[in-house]
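Have a look at this one.
Think of it as A, B, C, D and E in the order they're written, each chain with its own count starting at 1.
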């Protein structure tokens, strides 16, 4: 069974078709890139995949389940986690709490347990805590556990966002422009981190990115869309040579 | 049945006009600062009292005699009241809201401050002028035009016209002028306004002048048709006008205008059709249903969350 | 990489993990509360606190319940709900109806239960009132799925008007005339066992409220509320069932307001729809924002401060008047009367906001301001 | 001297963010400011603009001179309107409730009756054809990159002679990014002075004439770009592998 | 207990008599509090701050507490007066919303209280320490109904009242019952209501005009009356309008102007053409405050008079608790008090037995005695 299957997915906003006839299948374990000019519909595809938008047309099936009837938190619970193009951390909560709350679906206790602090509550909280601390450790964020994300440098905020997504323990991780706003030196670190995550957690990763160094060094397979339509797909080297992609997206790097 | 229907439509139009006039002021300030200016109802009250003071002065009841006729006094009272009320609004902005804004306070703190300012205006008036109600002098004789089926007074017609004119004026200002554009832009992102070469504070002051000025106008008109003035007269109308503004879609001039009339119609028609003891029960249920059906009000733009 | 604060100082990993095992700090709060409780009882019984002071304390407790519970929605969840008085009214009417029907000779007939049972049944009646209020809270929670911010404010105001108008229209519970008979219930309690029962119940109710809210917001479950406040979209996408959390939060908050209402009704012995107007909601709002959004200790402190301020002005205003006359600032005929109270209070609050534009506590708790307190008691 | 920043020390609350930096920009130049995240680049620009509280960083000492005149007591809207300095802020800050066209219009607030406005519109739409297509759309619905275009376009609509760009390439697709830099270069040749902050240091150093390297509130290196590009220290710390 | 000014034993040269006022100085009905307070201050001034009890001069001390028109605040104020200020007796609260719980507190703490203005029967029911100075709704409603029937020959009546305020609501209901008793069910053809602080009544009045009623009864406060009457006329109403004692304020005429002339209302006393004590009171009040006193002022005056008389009659011992009981007994025992609002005595519930008058607003805008109606 495929992990994620999108068939003929079309997304319209009023008169505007943001994505049309998008097809994609993940078997599990891939590292896929999604690139395309601004406004091509990349984020929209992610929004559909994470259940935030219901597609106007077409199917989205995750682990054999049609996600169109699910609310976003339900889709996440199935195993899709994501980061956002503009960082969306809960800025008034500590880094640790950010990572705790993302495990909400897995709490497994109810309001009464919460009031009475039952065994079940304590067990669940301990588990949540241990997962959170483990992730902080692995992503080298432990020092900032009690810090508010707002007070962290941009690069670290990106990392916290990735940690938060990982705490969902997803099967599919969607990264929306993880390198945006990072300086060249930090980008190198990020590439290493993502590669390590891909291996360590045995995840399927799907990434949108405009920085070609990142895309080319990480992705095994790339899909290019423009005006909501797929214009090319293939391995990084194929894409770099593809005249349509160069014309619509890569352009001429001479300034 | 028909006659009372026409009569009630007229009643609703007039009553709705007041809600509209006040809601427009709410909406302006909200549209710029996202501040629910809970003092607005009380600024309206202050407007009525200022109107009373100005009118009494020109009628010669406070000292110097001018020997002016009623309509002349009215013609003087309206602009003067609008100016003075605007000054009150701007003063509140300067001494209470602006410092908070400067300190970057959460917007709800400004809302609470506004609520407190309203209380100060109400109770300050009570403490200074005493609890006696004031009667607004009759500046122009009330003409009752009785058409058999229904009757209507000159003041009623004037009020409805005033509401419509104010609406058209404000709608023009907000949608067609750069000033209006700046006003809308501030509510979205105050930070970037100076980068466009626009002085934020002047725009805000301008908004308060408009909003409070028209509250003053509403005050005078209100005092002419309901000539009993008391310090708490603005509180209830203020809350309801706020409700009207939101049901219309807060932040949108059309919404405030339509919301005001809608509330007027609902309140009057519910009384006309149902037992009047149930008025609040039924009219607010209707408003709730409207909001459930259109969660952002009649004209409100759903804020799409772009991820 | 530059970090604003020294990161080392904030590491408390070990501390947070070590939640099991016996700890003396677990006992410090119950001990303090017990001492306070016994002291309060003794003071009431010996007359060290006269009835007036007792009543002020009781209203203080009720205000604490109101402000902490509203804080859950307005502070933690970041909504702007202005209809808290409606839930209070529902709680007040329902629990009063229960006790009056059960224990007194009223127009609903003879008492159904012997008065000795009042002591046992009173908390139950309060619970029923709270549940009823929570149910009404549910009705508001449902529109809140789709509506946020100022639109929700209107929904809550509309609900307030609807509840008030509904009560006015039900003649069986007195309509605008109000409803009474609760005094006989409280008297029955005192006859069964001669203690200042309302003081006791309010003390318990207040502690219960703060306790339950603390437990709620300090759990991962309850922290979903804060996540919704700061970024609802992110919360929903990061697996928080936002509708569920909103529902629970609204019901919890309105249920506790209902509890406040039940206590209020039994302290006064008489309720009237006119007591639950938008002004009552406004007071609760003021207490929440004065305390600081999302801070429980702030809400408690501001409720105490607000109640005390309101009462103390009864004494302070005459002093001011005397003083001003003494130094001949005021003409002999003019007196600063209590009318000025409601000018002074908002002015004071406006000033306070200017100096602390984030409320007394901001969104911090006492333990954040005095970290050393953690040594003495546990906050979890 | 066109723009001269002189020993500028700046605080946020009690934390000093700039520890006395000095740099200059000459008329007609392109100068870039590079440095790690949190180095204080944005702070520098905000200080020059004198943005109003609560965002405003507080100047402890030092001065900012523009054409010999101190900017420290000029309100921000006058910096834009009277001194013709424009800023493309970090994080776009477009007005989401206005249409694309209105956003551009608003930037001409102080240019009543200026005949060159129409030409400027055309220039922006030529540069970013995407914006022309989306002219009537509420700008909050634009994609991230489109919003960035709008932010740059908007700054160009003020009567600017000196433009400061804070990470303009963030979120832009390569094609557009190169297009934009080419256009900026062309504008520079027509007389626009540019101060650029860019995370992509390689690109910035290729684009600009001179550069300054900022590290935790201090300038640690400066010089012509070609020189900086070859500096091993700079290479190691900022240009990546 | 708390220290402070304990009453001196009666054997010494007099002492302090503290009387508390629990009145709404702010909130919904600040005018009520102000009027009451003005009457009290005038009283204090007239007696020179002293009263004689058994030949000894006592200092009379009034404490005014604001109850903000809120029930809980009224309870606090009441307890403060009882516990902190050691009031011997209490005047107020005014509106029933505060007087019912206020009476509860006074009774529980064995402190005599006279509510001058509360008409809710619950205020005094089964509360030996609680009295009132005004007549109750069950009395006034039928008086008006009977009068309107006889005077105008009206057959169908309309009522307009505030459903959220218990005084008008109660009176409206009693009037309706009385009217339907005379003219049969359905003869009240319009029973319209609004909510406190409403200012527009056009929809209700439109209904009323359409209903074909012969007379409109509106037991509202004078500020609302002015609006109601004006709007009714604007909508074409030209039949009689009747009111209740809450119309009885000189302010009615300043607010209403000519519009109210020719209408009738039932009340305690007629200001125009008043004689004796009543006239003295009105003249004194008018010269002091510049306007004719309203019903609140008059009722406060009478309540105060009865309280003082009871204090003078009671055997004071200096023990506050005993004195309070004695004052209560003295109040209940007053045989007949000649007040400015008529002569009255308390029935066993503590409600006054007094007669009503019907007042006509004449063309000079004065409240002219028209007819007296005994219970």
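Here is the rule we use: contacts are C-beta pairs under 8 Å (C-beta built on N, C-alpha and C of every residue); 3 or more make two chains touch, one makes a residue touch a chain.
The structure displayed is predicted, hence computed values, not measured ones.
Engineer: Taking touch as defined above, what minimum step count separates chain B and chain D?
Structural biologist: 1
Engineer: Measuring centre to centre with C-alpha atoms, which chain is farthest from chain A?
Structural biologist: That would be chain E.
Engineer: Given the two chain pairs A-B and B-E, which is bridged by the higher number of C-beta pairs in contact?
Structural biologist: Output for the comparison: B-E.
Engineer: Measuring between Cα centroids, which chain is at the maximum distance from chain D?
Structural biologist: Farthest by centroid: E.
Engineer: Just the number, please: Cα centre separation of chain C and chain E in whole Å.
Structural biologist: Their C-alpha centroids are separated by 36 Å.
Engineer: Indicate the whole-number Å distance between the mean C-alpha point of chain C and the mean C-alpha point of chain D.
Structural biologist: Roughly 50 Å, centre to centre.
Engineer: Where the centres are mean C-alpha positions, what is the separation of chain D from chain E, in Å?
Structural biologist: A distance of 74 Å separates the two centres.
Engineer: Just how far, in Å, is the C-alpha centre of chain C from the one of chain A?
Structural biologist: So the centroids are 42 Å from each other.
Engineer: Counting only residues that touch at least two other chains, what does the list for chain A look like?
Structural biologist: Those would be 43, 52, 84-86, 88, 153, 155.
Engineer: Return the residues of chain E touching two or more other chains; collapse runs of consecutive numbers into ranges.
Structural biologist: 25-26, 28, 30, 163, 195
Engineer: Give me the residues of chain D that touch two or more other chains.
Structural biologist: Each of 36-38, 141-142 in chain D touches at least two other chains.
Engineer: Which of the residues in chain C come into contact with chain E in the complex?
Structural biologist: That would be residues 47, 50-53, 55-56, 59, 164-165, 168-169, 175-178, 180, 183, 264, 267-275, 279, 310-311, 314, 337-339, 341-342 of chain C.
Engineer: Which chain B residues qualify as touching chain A in the complex?
Structural biologist: 307
Engineer: In their shared complex, at which residues does chain C touch chain B?
Structural biologist: Spelled out, the residues of chain C in touch with chain B are 74, 80, 143, 146-147, 150-151, 153-155, 157-159, 161-162, 164-166, 168-169, 233, 237, 278, 282, 285-286, 289-290, 293, 337, 339-340, 342-343, 345-347, 349-350, 353-354, 357-359.
Engineer: Spell out the part of chain A that touches chain C in their complex, as residue ranges.
Structural biologist: 50-52, 71-73, 76-77, 81-82, 84, 88-93, 96-97, 100-107, 109, 111, 114-115, 117, 121-122, 124-126, 128-130, 133, 142-147, 151-153, 155-156, 164-165, 168
Engineer: What residues on chain A touch chain D, complex-wise?
Structural biologist: 13, 35-40, 43, 85-86, 153-155, 177, 180-188, 210-212, 248-255
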